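The structures come next, written out as structure tokens.
Shared between the two complexes below is chain A, which has chain B as its partner in the first and chain C in the second.
Let's look at the complex of A and B:
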């Protein structure tokens, strides 16, 4: 066994993140560590990587007891980790990012001196970018490849990837898996932390399932199937999805009438869409085809160069605030940069955007009791963990933060819900919870615009699916008539 | 609060150690430091310590408020002069007001004078996209010029040899602690200039805390400071928050004029501030931008200011600029503290394993 965890325990002030965790990782295997958000899977790996120190138990690496005092220590011993949020400097080139921290002598340009060392690693991997490209010009999938290259350059034998597919498109995911198998063939050991069952089954050799800080199963992957694995992860059989009401959709709520934008990102190009009451319109598309501009146009953050957006039959002209309190709810696309403030408490995050409502302030003074009550309701409705309104938001896992964001958006009982990537980085239980909630709102007459990069999600929830390509609607499929293949073709403009 | 106390004591210990070494190298006894500390906390010294602390309370709060909105207001110096000028202008224009009206009006004038200057920077930042650091620095020089012109040509005391204004009417003066306590034959602050401005400072600090953490405007201001994009997605108007933050920041700096004119000199002496506005940055930093922290660190800076004065009296080779050295070390210690602490931790952990 390459790595052995023996009764490792790690306590945080509010929770026990790892409770006597024991399992092994075999040399030259792809090992999956799976579980819900907050199950302790990232924590155990961060302990191995030297980011946290454990309270009791021991870790053996190549049979020898180890406790790395910092990631640097772990890297020296051949263990590397790719974090969910990439640790890259966008302005620097791929090269400079790979060398970061290993520049060596001050006097000679490291890029010149070390080129020969990296060339073979780089060329053998056949990537679609050059060492001299700046990281900001790369796609998300390519940035991840840079992170992996960084580890290879540091001669890591063990590669730990934390939720590597959370930000990738289906194609990028395929490429990543290809690459990981290739690395395994080269003798590397790979650990992926994930909550996506299909990926575990497809990629891994062995799997460790964690729940509430404990290991609940450890088995070769081929002995498990999706249903069994789901049951292990959430601790119970998966309930069936919320039933969909069969009533036909009502009046148009949102009408996007031929809008174009001139943003520096992917602009919209005469986009037309209609979302009716009691309908979920799914927007499929490769990210970077106008999704951000669509969201921002509807809430008034992005100026239109032509066309108009109508809400309940009236052209919208008001401020973002007026729109967001006048019946439109938003689950923003980018959680950390648009939806929450990690340094604020959970309760302050729970009222962001709602804070001007008469419930939460009187004459400008925030009403603490009402805010706490509202937060507690959100926490219990969406089982946010830890269940503390005063905890700092940044200490919650991404999935729990997202649950709060969804709960906050739905709290105002909106006529139109813009759900952009509503389950990004969220575990199975919470995803089901969020999906059910959206279907419930649909059944009771809300119009929902669902933007997602997960085709499964779009196909499961939508009444109609519009494919967004290059800023316009490239195809429109009614529920049940869209196949993954047809969608995929439309998404790359080949319809 | 615990980490605040730790960071304060950590910074001070380091700074005092270096100060002691400097005094030692100048050929004086480091014990002078101890003597100065004792003198600064004794009855008369205490009055001066509190008096010097007062402007730091205002400028520290000023910088802290702008920090909460993600802005760096380096213009508190100009703003405090504009506030002081506004007090002089008001008192000169309305010499016959009863004290009950004159005092609130004077305080209001100081606040509005400073706020106008901060507001100007805020509007330039919010609507024109100018960087607030550049704007506030440059507005300082404009303020100096306006103030100098006003002192020399509008309000000058014709019989005085130095560039200063006429004294303002007595109805505008705030009582010193000495005046307030002497009827009770308490002589704690005998003949020191510590005055009710400090009480005003504490009240204002509590009000600022309430504003920042308990009102929706403070909430919006802090959200804009944390991430303007999140604020926009929550329907907040980040331009207005920016203007509000810098106006408030300016207003708080302007209140220094209350201490200087209404509390102490009763006139505007050209260049009275030894850089209260700039030191405000250090005060806010050390106080972790929290109003209570700012009061604590302002008291500390007042103490340092007074100690350096005492040391200059008591020694021949140490000048009062020593306090600047100590301040600088405190700022460095606070700024590098996370790094130093992790270094110490790692070393002790390395030793343990």
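Let's look at the complex of A and C:
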């Protein structure tokens, strides 16, 4: 065994993150560590990587007892980690990012392809970028490859990846998995931390399931199936999804009529869409094909160069604030950037954007009692944990933050819900909760525009699926007629 | 015209030296409004050392050390004590502005200035043979030693910043100190080095004022040149070569101002305000496009 965890326990002030965790990772294998957010899977890996120290138990690496005091120690022993948030400097080039901290000589050259550690990677090609490109010009998937290159340059034998597919497109995920299999063939050991069941089954050799800080199962992957694994992860059989009402959709609520934008990101190009009452329209597409502009056009943040957007039959002209309080609800694409203020309390986050309403302020003075009451309702309706209105939002897990965001958006009974990547970086339990809520709203007559990079999510929820490619609607599939293959082809413009 | 350009070069010299120092500091992620203080301290140290030791060259090393110490205070406050960068910079500026007249009074009996330096105690033009005889551009090669340094330094710094381990780490410290730390380099150490070096360069800019351009230290003699250097480096987008050009441009504005003072139609106060007005226009009009180091001024 390459790595052995023996009764490792780690306590934080309020919780026990790892409770007597024991399992082994075999040399030259792909090992999955799975569990919900907060199950302790990242913690145990961060202990191995030297970011945390454990309270009791021991870790053996190549049979020898180790306790790394910093990531640097771990890197020196050949253990590297790719974090969920990349440790890259966007303005520097790929090569400079790889070198940083391990430059060798004082003067450095612009590129150096002859580095032996990187040779196999460049020979197998398919990187799609050059060492002289700046990291900010790369896609998220390519940035992840840079992170992996960094580890290879540092001669890591063990690669730990924390939720590596959370930000990737299906194609990028496929490429990543292929790359990881290649690395395994070259003798590396790979540990992948994830909560995505399909990926565990597809990629890993062995899997360790964690729940509430404990190991609940450790088995070769081929002995498990999806249902069994889900049960192990959430600790109970899956509740059936919310039943879908079988009524025909009603009046058009949102009509996007041939809009174009001129933004510096991916602009829209004569896009046409209609979302009816009681309908979920799924927008599939590789991110960066106009999703942001679509969302911002509807809420009035992005100026249109042509076309118009109609809401309930009237062309929208109001300010963003008027739109968002006049029957449109938004679950923003990027939680930390656009939806919450992590340093604010839960209750202030719960009224962001609603704070001007008469309910929450009188003559500019915030009404604390009303705010707290509103927050408590949200917390109990959406089982946000910990159930405290005064907790700092940043201390909540991603899933719980997102439940609050969804709850806030839906609190006003909107006629149109724009759900952009509603379950990005959210655990299974919270994902189910959010999906159920969206279906419930659809059944009671709301029009929902669902934007997601997860095909599974789009296919499970949508009544109709539009594929966004290069700023226009490349294909439209009614429910049941979309196959993953057909969607995938339309997504790359080959429909 | 040649006279005007020559005077732009001279007036640009202290700006270039200070701005190059400022680039080092700011690229490492530390907001450095105390360039002004470092310059003034450099001017003071250079003047008194040259006065006592009777040689301009002897003042160089004490001046460099003095500048490093002044920004060492800034480094201590911002990196060790985690103070706000602007507050710390302000304190350093006030400290220097207040202590130099005090020391002057203590040493020479007058708080306003140090004694005039004898001719041999200050720098003089150093004509480079042959090159100074070139028609048209010859005036560039008939300058003060520190001016030559100011013209070479940006190229050296360019190479250092973009092609060396040191430069890479400085940039990384200014962009994302957490990432640098994750690569096993302590960002605060990088910043200490950058600030001390930067302070030394800025002090040299001050020395030019007191032992090269003028022949004594006078109270507040930098009169905002540290801030103008800061503007110039922002205008130059924190890069040495564009900053060299913008410093020369500011030098030109200053030279023009002096030239126009002889014209009697315009009140002299307006003309004297010209370089500052120019600074304001540049800051408001052009600097929007500049992209500062991402982590500048952030207290960790």
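By our rule, the second predicted complex is superposed on the first by the 472 of 495 C-alpha atoms of A that agree within 3 Å, B and C clash if a C-alpha of one lies under 4 Å from a C-alpha of the other, contacts with A are read in each partner's own complex, and residues count from 1 in each chain.
FYI, a contact is a pair of C-beta atoms (placed from the backbone, for glycine too) under 8 Å apart; a residue touches a chain by one contact, two chains touch by 3 or more.
Keep in mind it's a predicted model, so treat the numbers as computed, not measured.
Within the superposed three-chain model, A:159 lies out of touch with both chain B and chain C [touch as defined at top].
After overlaying the two complexes on the shared chain, residue contacts for A:89 are found with chain C alone; chain B is out of touch.
By the touch criterion defined above, A:100 lies against chain C but remains apart from chain B after alignment on the C-alpha atoms of chain A.
Contacts of A:74 after superposition on the shared chain: neither chain B nor chain C is touched. Ranking chain B and chain C by residues of chain A touched puts B first.
In the superposition on chain A, contact of A:438 is made with neither chain B nor chain C.
In the overlay built on the shared chain, the residue A:328 is in contact with neither chain B nor chain C. Of all residues in chain A, only 53, 67, 69-70, 299, 301, 319-325, 330, 332, 337-341, 343-344, 348, 352-353, 355-356, 360-361, 364-366, 368 touch chain B in the complex they form. Interface residues of chain C, counted against chain A in their complex, comprise 163-166, 168-169, 171-172, 175-176, 178-180, 182-185, 294.
Contact residues on chain B toward chain A in their complex (touch as defined above): 214-217, 219-220, 222-223, 226-227, 229-230, 232-237, 346, 349-350, 353. Across the complex, chain A meets chain C through its residues 71-72, 75, 87-92, 96, 99-103, 105-110.
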